């Protein structure tokens, strides 16, 4: 309970701190998160990893059934809880420096705390409905945090895009929930695990996978994630690298039992496609955060693919390692951005500090950052002695465990992705830290840029340390540790090490003599024109449809009333009975029609008594004739 | 007697038609008088002497006189007779002929009931019977008719007594 | 014996001529003449129908009352016409039409 | 044949009949006294605007009303009076009571100085004579009495219509007179034919009904229609409605209020009796119900749609009253005991609502508000009057919580019941347009409040505590009360029985 | 029964209105206080009612029953109308909602400056009429209150409304009146056909009696054996259709909805609030209280129509909202969309769906109140509600922005807010329903995405970006929320949050009703 409530209290406290003392916010929030970390550690040590634990209590009655809210703790949960709380704590701490002086710092920490809470909700909950609720809520906090700097148009747009795309994915989740409820009558994961669905398994699985794909930025729903980098960098580290995007992977692992083989194949294909496209796109970009974002996309693709291939433990392990090294990378990137922003503020220069074309040679100015970046980058690349190597190894060996042709193919693609990963990581580090930028006006100022303050440096260092091998296992070449067991065959180790080294060599040779990163291909920069495709296929049609509806509303539904009235009016014009009295506000069919009739009746009322008598007599005659006839 | 009926009937219809075609209002009034008298004649041959007498007294003696009085009062220039202009010949003829044709067809097609010769009570003349009926069976209408006359008097007086200059909006 | 149809035809003729006069003539007094004709037509009916019931006097009595009423109508009517004439300087209702549908 | 035979009995009958004639005698006395005050007392003559005649007339109507009410208790069954010319029953008493109160209210509305400029005593006498004529008409079963009462009402009305003593008053009088006399002549012709066909001058008599049954012919139909014309004229029903808008527009407001209720209800009473007789109590082959239904529905529709485009408040109310006559006729269409009872309920409610509306139209007229756009802004300056007027108009429309709703509900219930009983789809076809017309009527009824409340206009606040507001409040409370407890009134009406 | 809480609830505002008649018209503050006092006493009464309400079973509570009148219809029997009040799981939450919203609307009415006296009298009458409609169990009584809402609203829009108020008020009136005429026709047919049990000659308006098929006269027009055919279709189906359309106009349902945007855009803020939060609910309430239970057979066979139109409303309303340029119009169309969920849930005829529909009514009542108040806040400051005229408001109006966020996200169905619970229940119910096709539920989920789309877009346009205001208003006019406004928003936000987190608070009232409702429908099938 401490784990869950601490971030929430942090959020609430942050909201309550008076505006004047907003610097206090970061302090209290970080402290609360520290409590959460402590709680998580206690949980991890007491809960044990082997025996799942389950507490629940009824929440509300749904039809004849009861929806309960409860906590379900197993191995994956423990891992996730640790990851979430630890990364969150460090991000809180880091933010204390990064966001210092921001006007809306209270809102920032509120949302950060709220996010952590809802993220833990996803992780701990035993109930798909509650998972879905938290799922939506992390989307909301993500929306708020991406859009934190609301004055920036791209932040505003990116936040909307992120939320919309997640929302569309959530439709799949809703559909999945509907199927689950129809066929099982319960949302309880433990119950579902034992009794399963009666029918519709593939539909349910694919529907839920749509949500996972949106949340974990899988092909083809990943385009929101690079845009989401418009948010503050710590947020990117926490949400869009370490935790929220991993929620999909986690959920997939948790309800793996709901996925029949066919659905798993789809998952694998989507994961691999994501891994490859993400890695390729990372090569095509210049924005430091976007590159990291695509890297995240790619790595998530690997995890999903692993899950699709049945490597649950390995995928979760990679999730864990990825969380640390990717958070470290983001925080380091944030440090660069933060520092250079400060520098810009003093010199008054304006250039895009996130564009690697504007950077270079930062190695000397920011040694700590460089070190962190190097370690985490190495981990990402899967160089031995770093955690990333071990987790990738675990995945690879799990995939190959089956030993069939499909496994081989998956593994091959996996290695290609790894190759690309190494390449883009090298490219990034090379151009940011190592390659000298000659002739740049800003170069002078860089010499003197200070390293970031301690509150920011400390989390970076810790995360970098956490990216080393010991986090998985004391043996740097084995992934069989506290979390996973098993060994990789020597062949896979050799092959993968070979691929990594080969890639390093290739990258060094390729980038060595370039003074500036070049555009690889438009198709990569524009991420395969997916956004354009969405614009054509979804956004614009909906916009048109919406405009059409509005027009229909005004023109046809109202127009039906008005229009048929206009016909009457035209008639009335012709006959000469129209007068301005009609235009008095009773604009509707009935009134027009009746007033037309009324005009007819009134024509008898000419004021001429002879006519009166004539019409009265004629009326009687006609009445008689009518009755007789 | 039937010849007398036809003669009276002819006179009445002719006089009525004359009104329709009369050029001058005064002539029309006089033709109406002729018509009334002829109708009185028809009453007389239909065993309704009392009605005939009333007809002559009230209509010929009263109504027509009032009307002639009215014609004179509404004559714009003294000495110049009031011409009556006509309008709506079409609608008038349409309505009148429709009613005429319709009703005559009906009358000729359907039997209304053959009149029988009245049996005269020897002891009382018709006038006697009228008197008694008027005071017994028809007492209420008689009184109401009196009231009607009173109201007519009051009403006519009100209308006539209002001296209203020809000031109008 | 005079067939009843003769009376009826006569009354219809007078009635419809009266109606025509009412509709056709423009002068209000002429209209009044037409109305009197119509009343007379009804009276002829009443008297004629009374022939079928000689022991009773309903029809004739009705006729007498109609004559009285007709006189009243004529009196009031002429008073009204005279008043209209005085106010509008005409006895032709067609020329008096302030009251009509706007 | 001995004509003297039975003479004493006849005289005795007359003597007894007088006992049932209290209200009429009071009214008659009222007329004489009122006229005498005008003639005899010179001081009144000089001013000719004194309220004394109004007061006397008011007392006369109230006493007549009281006597009619007193009659109620003894009228377990109908009594033929004066040789069978008239019949005194609860049915007639009902209309008499309504018309007496209406007459009294008219006299009250005439009270303000602006309404009594000239000839007050004659005015009072004429109003009384209209009321008296209605008394006679509602009791009449003899053709002679029907004709005489119609004429009594008519002649008084002709004069009253011109009581504004302005140009348009004279014009209205003239038109009313010419149209009315034509209608009377047509009715008389029809009555004469009916007399000829049946041989009886009393429509409720056995002889009349037998005569009708012996002559189930086209001629009878035509004769009946011609006779109906006169009643329809009194009710201002199509096609005999053409006089109403012009006359309403020109006549003084109290007189219009009188016209819109009193002759109409009297016409309705005699029409009901006539239709009851004409259908020969259900044995006739001619479908008079269908004829009346047709007339009713045309009238409702025509009245409503014509009212839609009226800008003169009085003209609008003229068309409204035409449409309302149609609704009253719907009650006759059912021609069951309940149907007629519902119609009588409707008549009472209509009377009250109409008087509310006319009372306020007069009030606003005195403040220079003549056309509907003139009402703009009065809602702000005079919310009390406009609110009460609104309730009256709502009741005429037939929306809860006013008795108008209950009345319409009952009318249509009666119609539906008749439909169930005879399974004549025609009745259903009246039901549906009847309901739709309620919607149409809303548009013109609510146009006055619409202008009063929604349109901006100059507004100077006025006093609330006026006698007109008091009067309006009383009437409105009746309307509301009859919605919440319609059984209070229906309880009385249920005591009225018919020979069906 | 000695308990007269419901009567007090109805007549307290009327009494207050009567008192208000005698207050001089220039004492604006007195009217505000009077209205608030009336609402506050109502709130106390409601709290007492809550304490007396036991929610285990679905039967009627707090019943008051008296003879109203009995009309002798001669040979045809009697017509009996009763003063019959009561609440159950359907109406009780709505009554509570009414009192709550009326209180808020009373506070938000403080900005009304012209014609204060008339304004508050109308509001009080409206208050009574709405509560009356929710608690009346006699058709005539219901119809009385139903009509009684019409005129005050007409005048509220027509007198205190915006520039096109006359058009809007007339349109509102026309539509609603047409609806009520249709309803009236059905009511007449109902009372003609139904009778008091054991007494065939007494016709009744009593809803409870009319629910029992045994109380219909054999051979009458609505005889459950369905002997009457009109145009080849059972008269009961026709009557259901009449009621459906009549209430659907009020709901409002596409394509009978066009009165709503106009009425809302032109109405003053408190009137919009009452209109959207309460009057629309009468439509849903009427369907669930009258149309469905009285014609379960017709309802089951026509449920797909109801569901289909519900989905059409959801999608169509959302799409149209997206194209709206006026903030209030957008909110109005969002109401159309959200009330579509009520139809869908009802049509599902499952316990989840029905409970979800009721939940949605309450939840929408709270949320839409916030939304219209939000639009009102802006309008109060600048008299301009065009979305495109604002940008970057978040910076200068942070409290307002927070409220907007809560309201918008609550409205688009963010978990943790009441709307989510309602919508998810409706979806779950509709998907497992046996009477409507499950594709309806799937299509309806698109409404969630569209809802997010137009709200987020609005936020992006109005609150994000750089600050500027077009259209004549000055930035200085845009001051943040005042104390009074915060007091208005706080309970609303808290309510929607509490209902989103602890749905059982409300569901324990609704569930027994939903159970009985579904049983009734299935029993009638």
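Labels for the chains are A, B, C, D and E, by order of writing; each one numbers its residues from 1.
Assume a residue touches a chain if its C-beta (ideal position, glycine included) is under 8 Å from a C-beta of that chain, and two chains touch if they have at least 3 such contacts.
Here the structure is a predicted model, which means the values were calculated and not measured.
When the partners of chain A are compared with those of chain D, the chains appearing in both lists are B, C, E.
The minimum number of touch steps separating chain C from chain D is 1.
Most remote chain with respect to chain A, judged by CA-atom centres, is B. Two chain pairs are in question, D-E and A-B; the one with more C-beta pairs in contact is D-E.
Between chain B and chain E, the centres computed from C-alpha atoms are 71 Å apart.
Centre to centre, using the average C-alpha position, chain A and chain E are separated by 36 Å.
Chain C and chain E have CA centres that are 65 Å apart.
Centres computed as Cα averages put chain B at a distance of 6 Å from chain C.
Shown for chain D are the residues in touch with two or more other chains, namely 1, 144, 148, 151, 155, 158-159, 162, 167, 173-175, 178, 182, 186, 196, 199, 218, 222, 245-246, 311, 439. Looking at chain E, one finds that residues 166, 170 touch two or more other chains. Residue positions of chain B touching 2 or more other chains, listed in rising order: 87-88, 91-92, 95, 99, 102-103, 107, 112-113, 119, 129, 138, 141, 145, 148, 152, 155, 159, 162, 164, 168.
Listed by label, the pairs of touching chains are A-B, A-C, A-D, A-E, B-C, B-D, C-D, D-E.
If you check the complex, the residues on chain B that touch chain D are 102-103, 106-107, 110, 112-113, 119, 121, 123-124, 128-129, 132, 136-141, 144-145, 147-148, 150-152, 154-155, 157-159, 161-162, 164, 168-169.
Residues 1-2, 5-6, 9, 12-13, 16-17, 19-20, 25, 28-29, 32, 35-36, 39, 42-43, 45-48, 50-51, 54-55, 58-59, 62-63, 66-67, 69-71, 73-74, 76, 82, 84-89, 91-93, 95-97, 99-100, 103-104, 107-108, 112-119, 129-130, 133-134, 138, 141, 145, 148-149, 152, 155-156, 159-160, 162, 164, 166, 168 of chain B touch chain C in their complex. Interface residues of chain A, counted against chain B in their complex, comprise 610-611, 614, 617-618, 621, 624. For chain E in complex with chain A, the touching residues are 166-167, 170-171, 174, 255, 257-258, 261, 316, 319-320, 322-324, 350-352, 355, 392, 394-395, 398, 405, 409, 414-416, 420-421, 424-425, 427-429, 431-432, 438, 441-442, 445-446, 448-450, 452-454, 456-457, 459-460, 463-467, 502-504, 507-508, 511, 514.
Chain B contributes residues 87-88, 91-92, 94-95, 98-99, 102 to its touches with chain A in the complex.
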